[in-house]
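Chain IDs A, B, C and D follow the sequence of writing; residue 1 opens each chain.
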Amino acid sequence: MTFTPLTGVIPPVCTPLTPDREVDVPSLLRLVGHLVSGGVHGLFVLGSTSEAAYLTDGQRRSVVEAVTKHVGGQLPVLAGAIDMTTPRVLDHVASVSAAGADAVVVTAPFYARTHPAEIAGHYRAVAAASPVPVIAYDIPVAVHTKLPPDVLLELAADGVLAGLKDSSGDLAAFREVVTAVRDHEDVTGFSVLTGSELIVDAALAISADGTVPGLGNVDPHGYVRLDGLCRAGEWKEARAEQERLCALFGLVSVGDPARMGPGSSAIGGFKAALHLRGVIDCPVTARPQVPLSPDEVARVRTYLVAAGLL
Amino acid sequence: MTFTPLTGVIPPVCTPLTPDREVDVPSLLRLVGHLVSGGVHGLFVLGSTSEAAYLTDGQRRSVVEAVTKHVGGQLPVLAGAIDMTTPRVLDHVASVSAAGADAVVVTAPFYARTHPAEIAGHYRAVAAASPVPVIAYDIPVAVHTKLPPDVLLELAADGVLAGLKDSSGDLAAFREVVTAVRDHEDVTGFSVLTGSELIVDAALAISADGTVPGLGNVDPHGYVRLDGLCRAGEWKEARAEQERLCALFGLVSVGDPARMGPGSSAIGGFKAALHLRGVIDCPVTARPQVPLSPDEVARVRTYLVAAGLL
Amino acid sequence: MTFTPLTGVIPPVCTPLTPDREVDVPSLLRLVGHLVSGGVHGLFVLGSTSEAAYLTDGQRRSVVEAVTKHVGGQLPVLAGAIDMTTPRVLDHVASVSAAGADAVVVTAPFYARTHPAEIAGHYRAVAAASPVPVIAYDIPVAVHTKLPPDVLLELAADGVLAGLKDSSGDLAAFREVVTAVRDHEDVTGFSVLTGSELIVDAALAISADGTVPGLGNVDPHGYVRLDGLCRAGEWKEARAEQERLCALFGLVSVGDPARMGPGSSAIGGFKAALHLRGVIDCPVTARPQVPLSPDEVARVRTYLVAAGLL
Amino acid sequence: MTFTPLTGVIPPVCTPLTPDREVDVPSLLRLVGHLVSGGVHGLFVLGSTSEAAYLTDGQRRSVVEAVTKHVGGQLPVLAGAIDMTTPRVLDHVASVSAAGADAVVVTAPFYARTHPAEIAGHYRAVAAASPVPVIAYDIPVAVHTKLPPDVLLELAADGVLAGLKDSSGDLAAFREVVTAVRDHEDVTGFSVLTGSELIVDAALAISADGTVPGLGNVDPHGYVRLDGLCRAGEWKEARAEQERLCALFGLVSVGDPARMGPGSSAIGGFKAALHLRGVIDCPVTARPQVPLSPDEVARVRTYLVAAGLL
């Protein structure tokens, strides 16, 4: 297959659950509809924001099948193949590509201690076996390793990788990759995407191809508007829109840090917001995440109202 | 079933692979025989030393089935259920307990950012669903969280956990748990095991119940001897035996750090030693680990000779 | 004294040493002249790039005295007061303010384990005793703590701090501070400066007041040009200039990581470049930093030539 | 001078302060008397437990002068020379050795990013200039680097270092050094001391020379008793005594983690205990540490009572 480089807004799609924590497919498809009608340019299922780390293999399969079938090729669907090492990732790659994913998104090895040479070998082995393009997922907060820019460039030049989704928060290192792939004559069709939803204007200003904003679940229209303003060079207006979204992002921190971790708070906040906006039926998160309290949900509502979303 | 508290030497069993990286069951069973004839008191399959992070679900199942069937109840078989979060761990628990494991060994959540309250909830949910006892696996180098002693004690007192396998290297924190479970009237039948193969004498001296030494694959007789000396109060002889094993442990560091990570070197060293000793057919490790060079394997041989094992 | 908020380019001034590692005052003053003639808007002495961590108290005093006397009030001189805790920092504050510094730059406590409440107390105590304004220095790579945005804002609103020099590399957290101080009615005269020399255009685009680029020692004209382009809204030209400077920044990585740490390589690279450009007499760095080899210095030269500086 | 290898109990001496945070010399000398009458074998002033990171140069000098003069050669006085890099450490070495210290205790470089080659160079340069023996201080929690065993051994064999004070908590790495210096024919007169007050019995069992217990301020008799039992091979009684001290150590955790860092709690706990025991006049700690609340001090009292010290 040919794979047009990805650009624009490609949100990591939340995975709505039923009260007994099964995938809530109707809510999931409503969420996809909400995103598509918001104008997004692609979908990323089974990412960290999708609670991929919490979904069983069966649940992961349900998600990809439901979304790819629903979307029907309208826009590209990327799927995470999140697991510890090459052999386990390859099983996920086979599963999600059979279910219709247009590309797979793969992290560095984790749990096992790793090394740049092993990271390179990992991506080479995954790409050799994958029927769809492979996008590197740089997420040190989860895997505790930063993908080295020189390894990424070597893999891009060799055609092993079709892109990078950067959730490192390190814009200087991201820029090194963006600039190098743009200027490297052997690299073609490589998409550089930022997962840092608070600095999308800055990332696009330095030539990133697109963005993968978790907060885009809650306000896809906002991120699409922001993307458009940046592409039009309307930097002042882009900054205002980004700042509005930054303020909205406060909803990820409503959870009491004495009671829960930052993941429970962030995913809980996204899902509470989607529930309050009427997109999904139930805001429950997967175990062992701690649910938000009613007071914390009330604070999510305040953020939505302030951002003009409720 | 009733579960007698575990004591003694319970090595984490390496997983021999064929040249094309499938589980080599005959070699695995020869390794089990080598350990049993060495006098070990239990077996721990699918731990970190077993390359659990690198084995597919199918391979994990093969390992547990082959070993439990071979052992036939002679000695307890613990099995790792290593995965990121509760729902995924529960799938492994179901699988390995169906395959005959006598207990499951479970880490804190990883990849996802976590919190003590979430760790406690994780173990409670796993234990509620598990047909066999649950042992906590404290391995910060892999999961990037240290199990808090107070959480462990609460779970031990509530009967959620049947034991701790500590690979943190922090003997003071380990002692806090050992002493507290020994002195806590509500805690019964809780086994405290150390995974620190270089300080087994020290761990047993402070009342640990047993040890889970990766190096026990290579020299089970040595660890059984060491365990016996400690139990007999022969501390001076124990120290000498431990120091011999510490010297042997140098074989985990033969790999060139410019070419590979510490995991590749350690697992590669164990497997090379087992191959040189004639226990397993092939020293290959799972991808993306980097293989040892012939020179590095020659250095493994030197360690074996120096320890009187070749 | 009144303190006009700082804007523009305020390089952290390298500290040239003689071959026997005393402060080389003539070279230091030539470097200051080089920066001033390059158009910089302020000077920051005794920062990390100045090797403040390596200078004795006597050497620190020499540097501040020489520079403030030479500059004679032409442009503001900030001085680091880098030490572990409040009492020790206060001694440096007294010393550098007596020597003529216009403001002091102070990190979170380090060596000692710290806490947000202690960080706040630290800055309050320092500011209460300082005769000159206090600027917070956020440099997690050195002090292993990130200054929490909410602590910074509280201290800004209370008039404790006059600014922030951010070397965290975390543009999203930086933006949170930039936006909040701009929008907070109780905060006036607070300067937000970035130390991330590779994303100056991005930082200024999100409303930072100025920049503190280590690489500005080597190419002050470039950073002044970049600052001007950003202020004029010439974002495309700014990006090109920034990318030229990013390429030049490669000179900080010439040192062999098998032989030296990243600090030795970076400071060694800056000083070699200043020596090659004829600004300072001797490129020696303080102990125990490892010197660059002749080959490594030759690579520094290559970077200078490529950037049009030699 | 000749330097007999250190053995036994060498507590890091707390630094009592007056209410306005000057060194309280009478209380300091009473504390020294308390320790000496408790039977300790040496004193370590200006260590981490001494709040060296919080003392000005003038205060540090007062401490060493007062203690060395008071002790008058009765037992060895080690002094910390805690600072970021070689030139600054050398100033402290000159100061404390002039004030009568018998040896200096020096960490790896901190604040500056470092490297094994730079650590080795640091110790070589310090030792070359020091009039008294140099002891390496391994304290990763403070300096964020672990001293590599191979570097320590090289420096021990070359006569650069006279000992190691290990506060890493990593008993396996400590054992590697203990065993290697004992067995290395070129190493003589090298003392290996543990700073881990909760596993003194284990450290002495594996051949450590002595111990540097912060809690020894509060209960020197206990640590001297423990040391004696270990040397007599009375391991069971030693374990009981160590466990009593472990229980007492709970006093370092009385501080509320929502209000203060672990350092404030630990130093605050030691000083509160010394105050409650009538050894020092005032329990105040240096800024910016947060003081214990009256309730927290009451909990310290409970620990003292439980340990039979009040």
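The working rule: a residue touches a chain if its C-beta (ideal position, glycine included) is under 8 Å from a C-beta of that chain, and two chains touch if they have at least 3 such contacts.
Model, not experiment: these values are computed from the prediction.
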Required steps from chain B to chain C (each step between touching chains, minimum): 2
Greatest separation from chain D - chain, by CA centre: A
Where chain B and chain D are represented by their mean Cα positions, the distance between them in whole Å: 35
Centroid spacing, where centroids are CA-atom means, of chain A and chain D in whole angstrom: 49
Junction residues of chain D - those touching two or more other chains: none
Category of the chain touch graph - line, ring, star, complete, other: ring
Every chain pair meeting the contact rule: A-B, A-C, B-D, C-D
Residue ranges of chain C in contact with chain D within the complex: 21, 48, 53-57, 59, 82, 84-88, 90-91, 109-115, 117-119, 121-122, 125, 141-144, 259-264, 286-290
Parts of chain B lying in touch with chain D, wherever the complex brings them together: 169-172, 175-176, 179, 196, 198-199, 201-202, 205-207, 233, 235, 239, 243, 246
